[in-house]
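Each of the two complexes below includes chain A, the first together with chain B, the second together with chain C.
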Partner chain A sequence: MAKQYAFYFDSNLCTGCKACQIACKDKWDLDVGVTWRRVAEFGDGEWAVHNDGTYTQNISSYYVSVACNHCSSPECLPNCPTEAITKNEDGVVMIDESRCIGCRYCEWACPYSAPQFDAKRGVMTKCNFCYETVSQGGVPSCVAACPTRALKFGELEELQALYGTVSEVAPLPSASYTNPSLVITPHRNSAPVGTGELANPEEV
Partner chain B sequence: MNENAFLNDLVTDSVMSRRSFMKWSAALGGTAALVTSGFEFAEAVARDVPIAADNVVWSCCTVNCGSRCPLRYFVKDGAIIRVETDNTGDDTFGMHQVRACLRGRAIRQRIYNPDRIKYPMKRVGKRGEGKFERITWEEAWDTIANKLRDVIDQYGNEAVYVHYASGPAGTTITRAFFRRLMNCLGGFLDYYGTYSTAQIQDAMPYTYGSNVATNSIEDMANTKLVVYFGANPCETRMSGGGMNFSVQKFKRQGDARLIVIDPRYTDTAVTVADEWIPIRPGTDAALVNGLAYVMITENLQDQEFLDTYCIGFDREHMPEGYENEDSYKDYILGTGADQTPKTPQWAAEITGIPAAKIVQLAREIALTKPCYIAQGWGPQRHANGEQSVRAIAMLPILTGNVGIQGGGTGARDNSFKISVAAFPTLTNPVQTSISFYTWPEAITHPTEMTATTHGVRGKERLEVPIKFLWNYAGNALINQHSAVNETRAILEDDSLCEMIVVIENHMTASALFADILLPDTTNFEKMDIAPNGDTSNMGYAIFTEAAIEPLFETRHIYDMCQEIAKRLGVEEAFTEGRTVEDWLRYVVEQTRENNPNFPEFEAFRDMGIYKVTNPGSPSIALKSFRDDPVANPLPTPSGLIEIFSPRLHEKSQTWELPEGDVISALPMYTPTWDGLEDPNRERYPLQMITHHYKQRTHSSYGNVEWLKEAAPQELWINPIDASARGIEHGDYVYVFNDRGRTRVPAKVTNRIMPGVTSLPQGAWYTPDANGVDQNGSANILTLYRPSPLAKGNPQHTNLVQVEKA
Partner chain C sequence: MFSEWPLIVFTIVMQLAVGSFVILGGIHFFAARRYGSKEADKLSDYALLAIGPAVALGIILSLLHLGNPMNAPYAIAHFGTSWLSREIILSLAFSGIGAVFALLQWRKIGSSTLRNALALIGAAVGLVLVYAISMVYQIATVPAWNTPLTTVSFFITAFLLGSLAIGAALVINYWNLRRKSADQGNTQYTMLATTLKWIALISVVLLGMQFIVIPLYLAALATNPTNAASDSLDVLFSEYGLLFVLRLVLIFLGAGVFAVFLYRMASSNGSVRVLGNLAVIAFTLVLVSEVLGRFLFYASMVRVGI
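For the complex of A and B:
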């Protein structure tokens, strides 16, 4: 089987600090509004108010850091009218900006909204796995940035052998749509896809 | 397509649709052009290719989060084109990489920021109006030197105040030049305490004799139960230089149960807590009282420890001369003056924690040995903060956890550190100091400030007003100080404080109040040493190189001090003939005298970061006292833990306090203004705290667009309170009370308890024409009223109302 690069994420370690997001933006000079790696906050539970002014609750919350998942079945690719999107020999989904017309179909097609429109240049952009760096033995910027080592990267099968095959957790969409190259160690309070709420829609 | 969309997969009705998410993205994309138009970043070439090492310069983020994170700047054609962090070694714990948080990673937008102050300026409009005129450096130095001389001649050195400021908190020499300059000139009115820690640093010594820490974070691996009172290391110290990584490691290593007691479900609760117990702000002491009641009535306390190591627990162990005062046991059981048993139900109605939970928690803390209890600095930043500090410390005392492995003192966690010599600031000939918080009163009515009314130290009563105020790299002139509107009025009157000199990188809210405004180089244009964060078993120091040439007409703070010193005839005393680099070499030499293992200057400069793994075992606070209290007494008057403090008893009798304020010999729960029991709650029913936020360190980084996008300023409000006001997530709201009003979007979240709101502190004060802040700046709502004992800042004690904007 061909090589498939993938990200690994341990939700138990993530404080939602977004060093990953900003390290990526710094490296790639991404403007506000163009964010290749984002951190979703999950929220669930409710409060009960008692007669003596006390409260009980069953609140839970955790974070999920997500970039492009370089999916096995990337929805962006077939939806690109100019064939600007390709999946390379290492499984990395790439956008050829010289062919992109900025129609944003890929952004609509992707359940993770990974492709991001660069309004200044009129083209789509997204996480390219820091492919040149990785090819030369380096580490993706987000992975090197994580203060708690919640992010790792590698070949999908190797990561799965180490950490299992979970690739979906709320508030992410179902993995069945695109078969993401993503390995997640779910948070101890993790909830299945479709439950709870995305608590920070303004941030993702 | 909609059914497989990211956001439409979510079942609640409150989330944005995928379509609106995209519209939102596009809207922000549009503003980006505006934001960066004034200052284009240098073009990054071949961004994905590793850049040759000789282009990489070590530096550090030196803002006041308490952590210190190395940054490596990739410099090309004199501009920083990329920022990376520590990449040294194989990341083995103990020599692990100190990885910066999002703020350090966003630092290019702080260096190349449209708000940078470019030239020296003088005020031309009303003070605070923000009207300035460009002047020469010569004029700036002459003006300052002349005024300084006039003020010293007319009023004396006590009329010159060096204001609290923490922008370069992580530096060794940069932060200290002003004190040296003023000491060369005969001294200045100093302050004690800080906006971070005033109440805990003042109160803890009454119990333990010193402002002790608790055990090292590593010791968390040796405990069975961790109880965090308002401690939030995974959020407030989330970077590699902070406690976060270590707390996560040792919590998991020891597999201790961890309980977070906090009004917010913090990121510490998210990552390491097994249980979250929400508590109303300012009521920690009430919870402790309820817990103590259960422990005492069920005989769960460690009586042998209390008998041997403490005074004041019961009648049999009162200090001499105080036999007729209430003991702690009297206070808790209601057999003392107030005749109120502090039952779990009593505590429940105050704290919001059900009585059954309090009973269970008391048994769990008392019966789980050892138990590691720590507090953050949030509980103390209240109108009754000193009481909460000492009350929380009662839990390890009652349960005999002090001075043992896996236990602690109930203070804040501790780390191994390497020592770096201090810059010699010389001695201040002026002995008088005031609480850092009381400076506005020292401007308006100094002679009403005495030792027993305002905690003036070194003198019975202040004699002269502050007439000259230095504000170097700080935003506590207005933004970070309480009561923005009240403070504003004091500052606007330039017949009071006659000269305010602000030295800054950016046009902050405080900079707007300058008479003379000087552009400082950033610490990325300066050479310095940044020692230690809080990394459990590892100490370190970072060599911060001047990565780029000073931008615009900015000057090094050392040059400024030297020029002023020259004009006032103390240049030689100030510089001793040394340059900045000479002083750093001096500091390294001094460091090496005490610690020969510390690298020499050039070697240190080459390595960028120097790390040392703790060669000893994790520190256990007060272990020697626990082992032998006779041979190793505490520095309290009795040598023991003073549950009942005779020193506080004396202050309770002699200090003049405003009505309602309490100093007491025992740690008690004291209701306060803007607390639960305040009648103002009818009009302003919501408590408001002001948590530390990932967008900023206090106000530093508050003008960085990447960070505003990542962590927008928001008011945290519970869905129960929001729906009662017709507020939905993302709606703009007004938060207001009699003191002011601010406009901010609402984060409607279950992660804050009902009846409580939190507005992250540090957002830049941005008033409209009517004085309504437009940026969620918290201190427009806080009250200036010094806490009873420390005369510190009670900035988490607030009552507000919220309405849809």
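For the complex of A and C:
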């Protein structure tokens, strides 16, 4: 049993193919507009003017794949009025859809857009870490689908021992809001939180 | 797509109801002390009854916000940590106590001490409710909401709308009394004029507070380092800049200009028709302004992160 399951993401390996996102949608049969795992496209950089009148640019871009981070201090959980959101013994944050009233308060609270509204059924849904599969020794579908092995999963402390403790990078929010169970190897051109621009806001 | 109309109506109506309940309680208290409880009841009983349907409408409309209203009873479960749960419990408590009090007061059941005690409890629960509503929006990930100024402005809304609504309701009540019998004597008119004077005064003071709170709020938003805060400012200034200006103009007209007219007419024993028109117009202008303000409040919601 894990104390806290977590995802690991290496931004240097990600090509932005979105296979993780589609594998998740396929496994959980998510409706249009509901996307538990999303790939944020980040763009940064500007032109520099030199003394001789020439210009050079330092434009960079990279991808960050993100789902629910099953945070240590999830903003969604204490705010949920119905106790539909719980964190289980393996640290996985779950929504009990049979209790959810669809007030969408968790959607306001979560800085990762992890809880998402299923308009057809009128309830909130979110990544459940493929918990059933994982507890039987399987792999979350996003991790299994990644062609470049950019995504991994495991026990948070083990991932941190292997890959360090970075858990925030632009365009993600500061980790201080929710203390996410997430380990990131930032892209070599990575930018600090709060800088640059999310290039595909309509997709995340 | 903007879909927060149920919340706009719910929060405005509940704040209006609490403000009206508290202000009306104060008016009744002072009127009863000076003119006796019989005259005071005649002044305020019908206004009290008018609060009920408004609250019922607010609570029913709030259900429209839910994706799955069938589960609504679960919403009171998480009061230990969720301000949303507390808001719902307090809304039910306030409307329950208010309804029982209104019934007892209307039918004059029970001693006046009992009724006064019930009214005081109802007012206290109502004030905690306004606080709870404001805390629902103070979540760390929404800079445009996460400030104590949200609490201050919700209380200003409650008392501004509450006092002006009561002003309009008392005038309409007086029209009704006069329609039933033309001679209402001096007492009812004096009570009405004195009350309207105080209501006008309260609204001018609250308008002044509002005009301190709004610049403070904008300054706090402008100095907040998150992208979400500057996006919220863009919504207020660029996307809905005209609505924002309109809200400020309307509240200034209603709670400022018309309230001053109301004060002057009430001080110089103006005709009931003029007093009534002024009170109703002031309330309407401020109501429209507050609805616009609440619309902007929800429209300016931008969350940090992705």
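The criterion applied here is as follows: the second predicted complex is superposed on the first by the 193 of 204 C-alpha atoms of A that agree within 3 Å, B and C clash if a C-alpha of one lies under 4 Å from a C-alpha of the other, contacts with A are read in each partner's own complex, and residues count from 1 in each chain.
Keep in mind that, in the parts below, a contact is a pair of C-beta atoms (placed from the backbone, for glycine too) under 8 Å apart; a residue touches a chain by one contact, two chains touch by 3 or more.
These numbers come from a predicted model, not from an experiment.
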{"item": "First (chain B), second (chain C), both or neither touched by A:91", "value": "neither"}
{"item": "More chain A residues in contact - chain B or chain C", "value": "B"}
{"item": "Which of chain B and chain C A:108 touches, first, second, both or neither", "value": "both"}
{"item": "Partner chain in contact with A:46 - chain B first, chain C second, else both or neither", "value": "first"}
{"item": "Partner chain(s) touched by A:83 [first = chain B, second = chain C, both, neither]", "value": "second"}
{"item": "Touching partner for A:99 - first (chain B), second (chain C), both, neither", "value": "second"}
{"item": "Partner chain(s) touched by A:180 [first = chain B, second = chain C, both, neither]", "value": "neither"}
{"item": "Contacts of A:74 with chain B and chain C, given as first, second, both or neither", "value": "neither"}
{"item": "Which of chain B and chain C A:119 touches, first, second, both or neither", "value": "both"}
{"item": "Partner chain(s) touched by A:32 [first = chain B, second = chain C, both, neither]", "value": "first"}
{"item": "Chain A residues contacted in one complex by chain B, in the other by chain C", "value": "75, 104, 108-113, 117-119, 171-174, 177, 194, 198, 201, 204"}
{"item": "Of all residues in chain A, those that touch chain C in their complex", "value": "38, 40, 66, 75, 78-84, 98-105, 108-113, 117-119, 121-124, 171-174, 177, 194, 198, 201, 204"}
{"item": "In the complex with chain A, residue positions of chain B that touch it", "value": "1, 4-7, 9-12, 14-16, 18, 21-22, 24-33, 35-36, 41, 44, 47-50, 82-85, 87, 91, 99-102, 105-106, 108, 234-235, 238-240, 244-245, 248, 265, 267-271, 276, 278, 345, 348-349, 351-355, 357, 694, 705-712, 718-720, 729-730, 745, 747, 749-751, 753-754"}
{"item": "Residue ranges of chain C touching chain A (in the complex, touch as defined)", "value": "65-69, 71-72, 74-78, 81-85, 88, 136, 139-142, 225-227, 301, 303-306"}
{"item": "Contact set on chain A toward chain B in their complex", "value": "12-19, 21-23, 25-29, 31-35, 43, 45-47, 49-50, 52-57, 59, 61-63, 75, 104, 107-113, 116-120, 128, 130-133, 136, 138, 141, 144-149, 170-174, 177, 193-204"}
